[in-house]
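Here chain A shows up in two complexes: once beside chain B, once beside chain C.
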Partner chain A sequence: MYNDYKDSVDFLFIYIKEAHPLDKNGATIPKNKGVAELKDPSTAEERVKNANICKKSLALTLPNAIDGIDNKTCEDYAAWPERLYLIGTDGRVLFRGEPGPARFDPAALDAAIRKHVSAAASAPASRKAKKT
Partner chain B sequence: MIRIPVPRVVLFAAAILLLQQSGKGARSSSGPAEGSIAPVFDLAVPESKARVKLDELRKSKPVALVFGSYT
Partner chain C sequence: MRANLRRILWSLLGLFALAAGFVIWQIGPRNIVGLLFYDQRREVQLKVGDAFPDVALEKLDGGEEMLSKTVGERPLVIVFGSFT
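The block that comes next holds the complex of A and B.
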């Protein structure tokens, strides 16, 4: 999807608090087999370290950023454990996906992008000019 | 039936709260609704000293936000 739309939409992966961090006894909740175990960070530096592991392990090609240790952006968007949004150039929410993992739906984001891209392409030239 | 008296001020406050939650642009535990102003952010970028701000990112193109973690 990123490769399909990167010319018309900017993508940003925001690393937020882990869904299944190691607990105080050293166990993940629930245990994810085959996945590196990460502790819930208590400092910004620890979160950055986890984010870098995430980026490398998932071979992320999307531009990415890290939520603060206060989890503010995650909370502002009710984004935990995973969620998709599309934000317009006017700063308004064009699409709000449902929280994952059960309702995480990239196809819905794909449809929202196509709807937006086609709407922008068919907008009258005068309207486009006003935006700039 | 037993009737429990509820002060009018409590009912009024509850009504205002419901109106705010149901209005366009309201933000709730569900996250910002479609049509509402997206919360701004200013975040660190891994392995970089750069920052990324929603206000700057969205100027030229819409922005798809993908929230997630490793586990």
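The block that comes next holds the complex of A and C.
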């Protein structure tokens, strides 16, 4: 989706507090054992370090930013554990996704982009089969 | 008759315990605890049409930047998430 829309829409991945930090009774799910074992950080530096591990491990190509250690962004956007938003050029919320993972819905975001962003209307049809 | 009924009940209980044990083993005992006690979801106040909350964000290479610096020129998709 990023590759399909990046010429008309900006993207930003905001790293927020871990969904399953190792030290908060939320050990990694079995399929991630040995890979995704991150602790809940107590300093901004530790969170930045975790965010860099996340970016590298997931090979993220989106522009990245990180929530502060006070979790204000996460709170203001009710973002935990994962959520999608589309913000218009006037600063208004155009789309607010539901919290993941069960209700994380890139297809709904795709539809919102097509609805609100006229420049994206000509994006390739192949995007429908892809996920973020 | 009553003995048979008791045997069936014990068998069902055993099967249930086995199934529960399998589920806990699959998900991981700590994840069960995590699911019960580490749910950080919040009721969302932000609605479609609201102004975006401007927040200070850390950059991967250090430093801080306001989200508003990214908003305005083109529509912005924000993907919130973490590694685990």
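The rule is short, and it goes like this: the second predicted complex is superposed on the first by the 107 of 132 C-alpha atoms of A that agree within 3 Å, B and C clash if a C-alpha of one lies under 4 Å from a C-alpha of the other, contacts with A are read in each partner's own complex, and residues count from 1 in each chain.
By our rule, a contact is a pair of C-beta atoms (placed from the backbone, for glycine too) under 8 Å apart; a residue touches a chain by one contact, two chains touch by 3 or more.
Please read these numbers as outputs of a predicted model, since none were measured by experiment.
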With chain A superposed, do chain B and chain C clash or fit?
clash
Name the contact category of A:L12: first (chain B only), second (chain C only), both, or neither.
both
Is A:K39 touching anything from chain B or chain C once the two structures are fitted on A? First, second, both or neither.
neither
Contacts for A:T73 in the overlay, against chain B (first) and chain C (second): which applies, first, second, both or neither?
both
Both chain B and chain C touch chain A at residues 5, 8-21, 28, 32, 36-38, 44, 48, 50-55, 57-58, 62, 64-68, 72-74, 76-89, 91-96, 99-100, 109, 113, 116
Under the stated contact criterion, what part of chain A meets chain C in this complex?
5, 8-21, 24-30, 32, 36-38, 44, 47-48, 50-55, 57-58, 62, 64-68, 72-89, 91-96, 99-100, 109, 113, 116-117, 132
Which residues, counting only chain A, touch chain B once they are in their complex?
5, 8-21, 28, 32, 35-38, 44, 48, 50-55, 57-58, 62-68, 72-74, 76-89, 91-96, 99-100, 109, 113, 116
For chain B, which residues are in contact with chain A within the complex?
27-41, 43-47, 52, 54-55, 57-71
Contact set on chain C toward chain A in their complex:
26-28, 30-31, 33-35, 37-38, 40-53, 55-60, 62, 64-65, 67-68, 70-84
